[in-house]
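One structure below.
Think of it as A, B and C in the order they're written, each chain with its own count starting at 1.
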Amino acid sequence: MNMVKESHGVFVFAQQVDKTITNVSYELIGKAKEIAGELGTEVSAVLVGSGIKQLAQSLVEYGADRVIVIDDEELETYTVEPYTQAVAAAVRKYNPEILLMGATAIGRDLAPRVAARLHTGLTADCTALDVDKEKQELLMTRPAFGGNLMATIECPDYRPQMATVRPGVMVKRLRDKEAQGEIVLFDAGLKKNHCCVEVQNVVKHIAHKIDIQDAKILVSGGRGVGGKENFKYLYDLAEAVGGTVSGSRAAVDSGWLEKDEQVGQTGKTVRPGLYFAVGISGAIQHVAGMEDSDYIIAINKDGMAPIFNVADVGIVGDFKKILPELTKAVMAEKNSQKQ
Amino acid sequence: MRIIVCVKQVPDTTEVRLDPVKGTLIREGVPSIMNPDDKAGLEAALRLKDSSGAEVTVITMGPPQAADVLREALAMGADDAVLITDRAFGGADTWATSCTLAAACGRLGYDIIFTGRQAIDGDTAQVGPEMAEHLNIPNVSYAAAIENCGDHLLVKREFEDRYHEVKVNTPCLITALAELNTPRYMTPGGIFDAYREKEITTWTRADLPVEDENIGLKGSPTKVVKSFPKTVKAAGMKIERGVDESVQFIMDKLKEKYIL
Amino acid sequence: MDFTLQKEYKAAQQLFKDFAEKEVKPLAQEIDEQHRFPRETVEKMQKFGFMGIPFPKAYGGQGCDTLTYVLCVEELSKVCATTGVIVSAHTSLCADLIYKHGTEEQKQKYLASLASGKKLGAFGLTEPGAGTDASGQQTKAVQDGEEYVLNGSKIFITNAGEADVYAVFAMTDASAGTKGISCFIVEKDTPGFTFGTPEKKMGICGSATNELIFSDCRIPKENLVGREGKGFGIAMSTLDGGRIGIAAQALGIAAGALERTVSYVKERKQFGRAIAGFQNTQFTLADMATEVEAARCLVYKAATAKDAKQKFSIDAAMAKLKASRVAEYVTDRAVQLHGGYGYIREYEVERMMRDAKITEIYEGTSEVMKMVISGSLLK
């Protein structure tokens, strides 16, 4: 536990997998830069892995003033103990006031272990990070109670103030290829111990589609779609409009879509330019995952469905009749635009 | 083999509604349930009990009515239950909660501890790994499958785009995802036993080897500054017309927004 | 006198409700339309102890009681009356018969499998010529050495063809009237024991209702339940308990129809508002709810009396008489409040209305219930 008064600097854990920086790391650096600006301090990225030194420059280009590189064979594949040792060592040496991590499958495991090792406070899944200028501390806002309420949290007496943030919430800065920054190689003094686990095998899922978090247009289906076969209406529209199909938890639980296509509280947070909500009632748990979409068009035969409270355009009607016609209209428009 | 399962009683947040006038949560009448991720952890423990003959103890930290989830766990097949309850534990954040639960586990003794990944009310997903840190044992999160091999476990650990097959020695802590399994139903006989035959042990502050500065509100590094309802995005236009008109309406809007 | 359910009953009720919603409800319409016995649901119920609720653990049961069993049948019947009667016929008419009247050997051999969910049971009393007048049994059982030989047929038997164990009644002494009737246990696949074609019914279409056909069917003499000539008494006492199960089924049908209707009238709009806003709707719902609650009190009272080992025949008869009438009334009003949609299969209340009718008929018609009740008043 480090002293509050002496801590300074905003640190971001730069997650990398297979020597590729995960996008959320850049998003967090973007936010960290804002926060550092208000606190009058600087942004450092902590890059952990094996054979990853060459990745440091991109972190600088996305806004890091400094990159602390911890490069060790033990860190080749993520496991929580060596990574915790690495991050904790860097924090103890540099004493940052804030440490941000992406709320990913890695971050949500690593952050609590690090927080406990450092005896400090951690706030997870933050949707907003603000600075209380008077107290010179971080205000972390997150959904609570299943997304029905928002809570703002502070960590007044312990450092670093730790927060995890979901991918797709913060915005990364424009890449500046001319950017200069300090790159430091740091020896974390890693030691094998009984808390280490052994990864015997790494198996990748077969990725055959676009990550819905990267899609600019989503055509999303819920319980009201009624069955796997009916999703063909959504796939057709998605193809015509250049989008990707996603769905609510109900659609995934019913086996009509895969888990990685789920939008919502327990799925992914998306903010596409255009979001079609087809047969989705609009329960809070779903809306929490898509309400920051730029434009929302809802189609539902139940005029009282809550989704209409967040949709920019609400169509009360039968999607089975509307989507085919809409698909045709879009194709016709695109064809006429080509000419 | 001794397995401890940490469970939490939570309001069923899928049933929560907003008061349309005040914008506040309507909390009355919201049923309390066992947190779904924890139930998956319990089911994983019960399956290990079925296959390897382990003793399963469920623990929870909460107000007296949290005993109901312990009864549910007993009705599903857990052997013992401990309710950790005391005003001193109230207002705890994840540091304080994990210290308290870790102390209870330390007192009980264990080979494996199961926790759920996150509670649907707190949604922090921290207590499990923090407990492992306090207990100085390895933890594996996001477990999608578990195989018992005596002195170690083989765990399928999920990531977004892949999974790891991990070997972890016991004692260890595993956090479970609701997707890990389909929890069994209780049996009517199990319910009767849970309420009529089985005893729940209650531990208060005095029963746990834990320091005052690590429990309750005072022991929590994080504090809630305020809570407020979300500002809901305002509703746009809603139309209920024929198919052709509806399609035309959408097309006009898409063109207006330069999406097409 | 506490009219609230204690915690363990509430927890059990919640278990049954969850199971009914997740496992039973999705199939209800399908099995009704296809006249299909929900074997997969029965297997799940067997696995979780729903088929042995009131029997002691020593016999493979759950060690609960009649009230718990009633809560189960009620919750199941709210979403699917067929599933409710499968449990009821198995539990009250077959397993309970063996539990009350069987020898220790018979209990070990048959009750243990029935209660633990390994086997399904059924009860064969009704014949083409012996319905309300059950005494006119034509099926005969003749002792031949170490065996009895059965000849005859039963009609309208619930779980026929699907059950493994059948409690069957036959005449062993034609000259003795009702005192010449005996009770036997017959296992499926016994040579000489076959089934007829399944009946197509107005309601509970997923329930297997067939003839049992005995043609020189030989069973061990150890399969006689009680003594020769005691069969009629066994049948009547068993039906008393069965009535509680059917009353629970009827209660469930009514309660389920009421719940659906309350939801529907809040959503359905006519004349610019939800029809729940019209006094006609409100008053009709008030009547329906009061009738359901009255039926509920009688059903739970009968179950509690049986558990307290008090005389419960009259309570059971009143419960069934009331609950079956309430089921008909409530489902009829439910369809009416749904308007045109109430007539459409997808909206489920029409099925509930069709299902309700049988509860006034089987396991003793409402007229028989009145005979029982008035008989006790006028002694």
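Please note the rule applied: a contact is a pair of C-beta atoms (placed from the backbone, for glycine too) under 8 Å apart; a residue touches a chain by one contact, two chains touch by 3 or more.
Chains and their UniProt names: B = Caffeyl-CoA reductase-Etf complex subunit CarD.
Please read these numbers as outputs of a predicted model, since none were measured by experiment.
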What graph shape do the protein chains here make by touch: line, ring, star, complete or other? line
Please find which chain has its CA centre nearest to the centre of all protein CA atoms in view. B
If we define chain centres by averaging CA atoms, which chain lands farthest from subunit A? Would you check? C
Measuring from the mean C-alpha position of subunit A to the mean C-alpha position of subunit B, what distance in angstrom results? 22
How many angstrom lie between the CA centroids of subunit B and subunit C, rounded to a whole number? 40
Once you find the CA centre of subunit A and the CA centre of subunit C, what distance in Å lies between them? 55
Mind listing the subunit A positions that touch subunit B in their complex? 17, 77, 79-81, 84, 104-106, 108-109, 111-113, 115-117, 119-125, 139, 142-158, 194-205, 207, 217, 241, 259-260, 265-266, 273-274, 283-285, 291, 295-297, 303, 308-318, 321-322, 325-326, 329-330, 333-334, 337
Mind listing the subunit C positions that touch subunit B in their complex? 6-8, 11-12, 15, 18-19, 48-50, 53, 57, 61-64, 68, 72
Per the contact definition, I'd like the list of subunit B residues that touch subunit C in the complex. 68, 71-72, 75, 184-196
Please output the residues of subunit B touching subunit A within their complex, sorted ascending. 11, 13-14, 16, 18, 25, 93-95, 98, 117-118, 120-130, 132-134, 136-142, 154, 158-169, 175, 178-179, 220-230, 232-233, 235-241, 243-244, 246-251, 253-255, 257, 259-260
